[in-house]
Structures are given as structure tokens and as C-alpha cells.
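Presented sequentially are two complexes of chain A, the first with chain B as partner and the second with chain C.
Now for the complex of A and B:
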């Protein structure tokens, strides 16, 4: 017998996972001063990479690594455009999203026609954590997910500690606050930013993999459906603090689960209002509880 | 920076032009059927657009017609799509979606010799040379609902729609009426994804429906519907496919699918034109013409009680003969 709200809370965590992964990745990259608008594209590429990798290898774990690699390579392409060729962050990011939308569609169709119309990947099975999953309520909510969610639970505090409690994190943030000053102190700004992008792409790719092979086992053109853009917004709401950003994603997932719950319960009085609920609620809570906004001052300013 | 030699640049442009023109045609003899398809999405979406393209290929094969196909995205391209194909000598142009209605009526006046077809067109979208056709998936959804009522233990079913539009709502209402025939207290919950491709959201919404006690599921959500099938398969509840036979997508969940034979309807219309029988009107393809029906998943059919199978067969033949009319709500 499950406790009330146990299943919706479990669903909230599952819905938050892909968005939170991408948002934490973006938090890291924005801390080093790069505005990576290609987040949606990185998720989409990761989603496709995961399905194709899992399909070709027959292993979901290999699929996840392919998704992570695809997202990472995608973000490094952006690094090449902006750090090496000095393209504008906003323009390059937008172009990368278009490239991902078109590129994944073409690749997916090619894969479909080669496989004879149906590509089904082995799905990532949920892992129940021994002992911890026995805890009433929290056990079900947090410890009966697939591996990507557990990775997220570790990544959020790890990102916070790295950025704000280590000297390497301080150097990364220095590259974001003032790349010129950082460079004058011998910080290799370009290399820092490229590494941050690689990590961000990997996290967004993992988020995409979560959507495609953990949740649904197949790819659909445009299946990320704006989650990458949502993650971009959550970074701002979460004030560039990994903990806050992760919480914001969880809150959004919770509101989404609540909306689905209301609809499933047949409360169809004002479906449009319910559909707006996750957005309105996230905005309201974050506006009230997150302190003064502060973005890295060198964000999107190139190399100074 | 290396520069591209001018002649190479021109050659590229030339190639592009040649490629973009290859879809068009040279004037052909009036006797031969030339059919064009304007599709709102990619023709390999394994759904709505794929079925239309399949129809086009069958017209080419069975009636020896010349074919051309073009993907048009936004309303500004609809009229131009119709015009360019009509100018290129097309005798029949399909606009595959109700959004093509206004453009078909307008361009239809400019090209009285060309026939225009609007799929899922709104009522009133027809003139001398313009016809619209709708597929009444309700005829099959009704039967799925009847089967659903016999399989459900909780007396509750969930329907996952793409967008909340009249044809989808109408299909779900027919499903509900079929279910109420088996169990007057049967409850059907409708939820909508908000688009046709967010498979993850469709899956999450399905999980919520299952959590709320729905143990039979139906969808009309195109690609997003795969998310519903996935959740049903994982949670071990029954499901019904839509548009195409979807038993391969969830072999342990799908009992039957409500299918529409879009390709056959396309061939039918092309044949009318070839034989000179065509007139502009609103065409309703139903179970009666064999354009709509249910396809069982053979592996799951045994789960349905024998007396229900018998009743479904009887209802099906009544719908096919026209003695039982399934109400089409809205639209």
C-alpha cells in the first residue's frame, strides 16, 4: 500500500531529472562566462545518440554513454565556434539549436529506413537502492529510479561544492566574472570555458538520454519539446547556484506532476489554467524566495 | 580563408536549382493523372503524413499516375504550394490537413480544371472542384470502448489526446459511449499533451492516469501516443492503438487498434477523377466503406471474454451495414 502523494512525488522527481541535469550543466558553463543557448539542441542530440547507441549495442548503459558523448561533442562544437572562431554566443547557440533539430531529424530518418521502419532501444531499467528504498515515503520517491536520477542527486551538490568551495571552482568563476582579469592572473580562460562546455554538454546529453531510453525507449523528432529552454530559465531563477537550480527543477517537476494528477482525476474545469500551473507556481515561488539576482558579470561577453 | 572558385559556386547553385526543380514537371498529356501531395509534416513520421504518402505511392502504382510531393509548413506556403502544382499540370492536389481548407477554396477558383482535396477539412470546405474528406475513427473507437469496458476491473479508462481539438474529442466521446454500453457506470478520463510529439509528457500523463485508477487506455496523439503505449506496457495495463495497427509498439498492452485506411481513400478519390465521376463535396469515410475499423492484436484477443467478442462482431457488422450510427460529436 503506497502512502498518499507517494506516486506523484516519485513522478515529480522523474520529470525533474532531465531538466535539472541540463540546468546544472548550464549553471556551470554560465559561471565561466559562456551563455550556451544550444542546451535544447544538446539534449536532443543526446536523446538521439542514446537511442542509436543502445539500439546498435543492445545495451542501455552503452546508450547512455553515447548520449553523454553526443551532447558533449555537440557542446564542444559550440566551444570551437565561440572560443576559437570567436562567433557570438547568442547567434552560435541559436544556430546550434537549428542544426540539432534538423540534424537529428535527418539522422533519425536514415536510421529508421536502414532498420526497416522501427528502432526500439533496450530501455534503462529502474534500480531500487537496497535499504534506502525501504524508508517510508522518501524511499519510493527518491530511491526507485533509474541510474541517471541517482547521478543527478550526486551531481547537484558536487557542482555546488566544486564551484563555491574549491580553488579550481574559484578560478572557473573568475573566468566568468572578468575574463581579462582572470587571464592576467594566469588562468587559461579558453581552456576553462571549453572544459565547462564539455561538462555541460555531457549533462544535457544525459538529460536527453533520460528522456529517450530511460523513459520511452525510442526517439521522436523534437521530443525534448522545449525542456532545454526551460532549463535556461531555471538557471536564472535558481540564481546560478546549483542547489537552487536543482530545487527549481524539482519544484517545476512537482507542479507538472500535480497538473497531470489533476487532469487524470478528471478535474477538467479550466484545463488551460491547470496547464499554466507549473510555470506560474515556479515563477511565484522563485520570485518570492530566491534573493537578489546575480549573474556572472562576464556572461556572454566573449573573452573580454 | 580559402575562396571558392566562382565557376564552382555557380555549379553548386545550378545543382541546387536542378534539385529543387526535380519535384516539378514538364507539361504532360491531359489524359494522364498527375497527383500532388502537400503534407504539413515529414512523410516518414509513421503516422498522419506517412499514410498520405503511402496513398500517393499507391495511386502511382495502381492508376499509373504521375506523382509529386511537397512539404509545406506554414499557411503562407499553402496557397503557393497549390498554385505551383496546379501550374505544373497536376490534375489532383491533396492538402493533407484541415488547415489547407481556405487555401484550397481560394486557389480552386483560379484553377477550375484542377481538383483539390482537403483532408480532415472543416464542414463547408467544398465547391465545384474542391472536396474535403474526413475519417470517422469514431466507428472503431466505439468498439474499442466496448472491449475496454469488459477488460477494466476499476471501471475507469484514460484517453490521451495530442491537442484538444474537435476530432480528437469526438473519438474519445465515441470510445466512452462504447464503454458505457458494456458498463453504464463506466468512467472515461480525457487528458491532452498539448502537442503531437512530446512522448515523455504523454508517458508521464499516462502514469498519472494509471495512478488515478484507469486500467485501460486509448490515445489519439500521433507520435506522442507512443509514450502512452510505453507506459501501458511497463505498468501492465491494457491499451488501444490509433490510426495504424500499433500492436508491435506494445505487444503485451495493445488489445486492438482503431485504424483508418488513408491510402485506400486516396486511391478511391483518384479513381473517381480518372473515371470522371468526381464532384466537389464533403466525403465521410466510415466503417461502411471499409476505411475505418479495428485491427486486433492476435496475442491479446484471447483475453477478451467470448460473449464480448461476439457482441463486438455484431456491433461491427451493424456499423458496417449502417443500421447502427455512431454519433459524431462536435465538428
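Now for the complex of A and C:
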């Protein structure tokens, strides 16, 4: 016997996972002063990498690692453009998103034609945590997911503790507030930002992997459908605090889950309205709250 | 490096050549016959009258949307929302164009395009309002608006604007009076191309020959300095955002009135994003953007030809476009480093021994 909101809440957590992973990654990278618009592309590349890796190896776990690696390498290419070639964050990010959209389409079609038209990946199965999943309500909502969601539950507090409770985190945030002042204190700004981008790409890649091999078990061109950009909005809404960003993602997961609820209740609402809802919601949230938020002052300003 | 700190034009040419070389080597590696690919590229882009027409037809929306992006960037407004503004323009053009039956042709077409410009400007104004009243970065709001507007238009073609037959998710054809004249049948080239060229000329005059253009560029170069000079950065940027949206909306309107005649869900098909590459490779200069738009139009036209004849996916064009943009970033870096080391050598030579 399940409680009334148990299933929708479970779905909200599942739908929030990919966005939350990307958003926490972006929080880390923006704290070091880099605006990584390529987040959407990193998720897409991660989604494709996961399917191809899982298909080739026959193991979903290997697939997840391939997705993480693909996202990370993708973000490091962005690091090369912005940190080494000193390109503008927005331009480099836009170029990376174009590259990801075109590149994954080309690679996917090549993989399809090689495999004879059908690339299915072994899916990531949900793992039920013993004991914890027996807790009424919370057990179902939080502890009957696949491994990536559990990783997320650990990553959110870990990112918060690292950024705000360790001296290394203080140095990383110093690089984001003022790269010049940080450099004068002996902080290797470029290396900090490159490492942050590597981590962010890995998290976004995991988010993409979550979309492809946990949900659809195959790749679809453009399957991230703007989730990376939603994550960018969540970072502002969550005021660059991993805990708040994670909670905000859960709120959005709820909004996404609501559409299934409405459909089940037989409400006749256009599906486009539901698809636009997260974007309208994030614009509304930004309009209401952004004035009270404070981004790192060196954000998107290059190396000073 | 700030977007408005421009490097010389040769880096853009070098970047393009490098990207095409990279793209072709990927194709060779993928096993396509080099001769076939090359022949398809040339045939598809400039092979005959039809190919040239196709290149310019595809360059038309890229040119208008590229100008839109450039006008914003020049004023420091990062409008990444051309994609959505194109759809807003196209939807507005169809909404008006459907009711133009019986109106004299030039007036009908002008009204349709004016509606498109207003649609795009209205969409961009939302981002401008969010930016200057609610401090929401326009980089983000314009991207998010893209998804709202794309969903809105796919709803329109299933709902209020769907064709009377209700068979496909598309609108009816707009009135014949509202359609732009064809320039060189049997090619698809239409008067929209001339309109886009005229828009480039107007943008040039606006940016470089008017006081407003000076203000716009000053705001783009430095908000603080522009404020000291007595300009109101917010007002100037609001204007630049709306103008940028109007140009992108016109791109959508021209696609409808010159080409498709109807609205359908994926009408913009990524033009708004490619336009960013066009604007940057064109050095945010209207004349450079004309050249960049034609090169990208040729690229897409030949990609379509390659898909037919050499079996190469059209997404390769997108990869080449992205590579060109990245090559541009690398070439800019090289140019900057070269000029810096040149300057150091000069100043060292001037020092007395």
C-alpha cells in the first residue's frame, strides 16, 4: 500500500537527477569564475558516450564510466579554448554546443549504420537499498533508484562541504571572485579552473548517461532537450550553493513529474505546455529571485 | 578576451579553411571517396545556376539572423535567442499573411514582414525586460526563451494556426499576395535575399555612420565609459536587443514569405545557433557577415548535395561550422600573440643600446 504522493515524488527524484548532477557541476565551475555554457553539450556527449560504451561492453556500469569520461574530456576541450586560448566563455560555450549537437548526430548515425540500424544498451537497473527502502514514504522516494541517483545524493553535500568548509574550496572560490587577487596569493587559477571544468564535465556526463541508459536505453539526437540550460538557471536560483541548487532541481523534477500526473488524471492540456513549463518556470523564478542572488564577481570575466 | 575586441579578418578566413580541411579529413577517414566528396561540395555549392540559387537561398536567413546576433553583440547584448525569435517572427508572419488575400501584393508582403519583425522584437523584449528590470542575464533568458517559443510554435501548428485540413502539424499557406517574388526560377531564390543584403547595408550605416550606432558600440566596449560619456547604457542596450530580435524575426518572416509559405514546428532548424558562428566569423561587421553567410549557405547547400550523392550526413556541416568557430578562437589567439611579440621586439629595438 503506497502513500498518495509516493509515486510522483519518486518520479520527481528520478527526473531531477540528470539536471541536478549537471547543476551541481556548474555550481562548482561557476564558483571558480567560469561560465560553462557548454553544459548542454557535455550532457549530450555523456548520453552518447554511455550508450556506445554500454553497447560495446555489454555492461551498463562501463557505459556510465564512458559517459563520465566523454563529458569530462568535452569540458576539458572547453578549458583549452578559454584558459589556454583565452577565448570568451560565451563564444566558446556556444561553439562547444554546436559541436556537440553536430558531432553526436554524426557519430550516432555512423554507429547505427555499423550496427545495422539498432544500438540498444543494457539499461541501468534500479537498486533497492536494504533497510532504508523500508522507511515509509522516504524509502520509496529516495532509495529505489539506480546508482547514479545515489551518487547524486552523496555529491550534493560533498560539493557543499568542499566549496564552503575546506581551505581548498576557499581557494577555488577565490579564483572565482578575483582571479588576479587569487593569483597574487599564489593560487594557480588556471589549474583550479581546469580541474573544476573536468569535474563539472564528469557530473554533466553522468547526468547525460542517466538520461540515455537509465531512461530510454538508447540515444536520440538532441535528447538532452535543453536540460543543460535549465541547470544553468538552477545554479542562479540556488544562489551558487550546492545544497540549494540540488533542492531547486528537486522542485523542477516535481514540475516535470506533474505532467504525468495531469495526464493520468485525464486533464486535457497540450503536451507542448508541459514541455515549455520548466523553461517558463525557470524564467519566472529568475525574474523573481535573481536580484537577491550574488554570483562570483569574476564569473565569465576570463583570467582578469 | 571581450567579444567586442576584434581581431583582423584574415584569422576568420584561416579558421574557415582549417575547418573545411578538418571536416574533409574526417570524411576521408570515415571512408568516403575524396573525389566524390569534393565533386559533391563544388556541385552542391556553385555547380550550376540551381546550386548557386540554393546557396544564396540558404544564406538569406543566416545573413539576417547573423546581423541580429552581431547588432546585439556590438552593444554587449549576448542574444543567443535568435532561434526562438526566428520562430516568433515566422509565426507572426503566418498569422498576418493568412489574412492578406485581396490586398495589393507589395503592401501584403510588407505587412507580413513587418509582423515578423514585431514578433521577433517582442520575443527579444522579454529578455531585455528581464535583463534591465530584473537583472536576469540575457545569455540565459534568451536560451530559455528559445525552448518556450519553439514549444509555443509547435502548439500553434497543432492548434489555432493548423491547416484547415487538419492532416499535418503545419499552417495553411499564406495568401499569394503576401509571398515574396521569386528571383530566378527554377531556383528557390527569392527577393528575401535582396532584402537581407539591404538589411546588411542599413546595419552598416546604423553602426558606423550614425550617432546611435556610436552609442551602441560605445556601450558594447565599456558600460562605465559609455555612462561617463553621457549615454544611458540600459536604454541603448534595450534598443539593441529589440532591433536584434526584429532582425531575427524578419529572418523567420522571410523564410515563410519567400520559401515555405507556411509555419511548421522545426522551421528554424538551428539557423539561430549557426547565426552566432556567422556573426563571429563575419567579425560582427555587416559586410563580413554577408561573406560569412554566403560561405555557410554554400556549406549547407553542399551538405545537402553530399547527403544525396556521397551518403554523408548533413550534420557534418554543423560540425564544420562549429570547428570553424573554434578555429577562429585559436587563430585570434595566435594573431594576438604575434602582434604582442611584434610590439615587444619593436619597443626593444627602440631602446638605446
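Rule of thumb we're sticking to: the second predicted complex is superposed on the first by the 281 of 304 C-alpha atoms of A that agree within 3 Å, B and C clash if a C-alpha of one lies under 4 Å from a C-alpha of the other, contacts with A are read in each partner's own complex, and residues count from 1 in each chain.
The rule is short, and it goes like this: a contact is a pair of C-beta atoms (placed from the backbone, for glycine too) under 8 Å apart; a residue touches a chain by one contact, two chains touch by 3 or more.
Values in this document were obtained by computation on a predicted structure and should not be read as measured data.
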item	value
Touching partner for A:264 - first (chain B), second (chain C), both, neither	first
Chain B versus chain C as contact partner of A:236, first or second or both or neither	second
Partner chain(s) touched by A:109 [first = chain B, second = chain C, both, neither]	both
Contacts of A:15 with chain B and chain C, given as first, second, both or neither	first
Partner chain(s) touched by A:101 [first = chain B, second = chain C, both, neither]	second
Greater residue coverage of chain A in the superposed arrangement, chain B or chain C	C
Which of chain B and chain C A:23 touches, first, second, both or neither	neither
Which superposed partner A:287 touches (first chain B, second chain C, both, neither)	second
First, second, both or neither for A:196, with chain B first and chain C second	neither
Which superposed partner A:276 touches (first chain B, second chain C, both, neither)	second
Residues of chain A at both interfaces, chain B in one complex, chain C in the other	105, 109, 225, 275
Interface residues, chain A side, partner chain B - complex	7-8, 11, 14-15, 18, 105, 109, 112-113, 117-118, 211, 215-218, 220-223, 225, 256-257, 260-261, 263-266, 268, 271, 275
Residues on chain A engaged by chain C in the complex (per definition of touch)	35, 37, 81, 84-88, 90-92, 94-99, 101-103, 105-106, 109-110, 225-226, 229-230, 232-233, 236, 270, 272-273, 275-276, 279-280, 282-283, 286-288, 290-291, 302
In the complex with chain A, residue positions of chain C that touch it	1-3, 30, 78, 80, 130, 134-137, 139-141, 143-148, 151-152, 154-155, 158-159, 270, 273-274, 276-277, 280, 313, 315-319, 321-323, 325-326, 329-330, 332-333, 336
Of all residues in chain B, those that touch chain A in their complex	42, 44-46, 158, 164, 187, 189-192, 194-195, 197-201, 203-205, 207-209, 211-212, 214, 223-224, 226-227, 230, 248
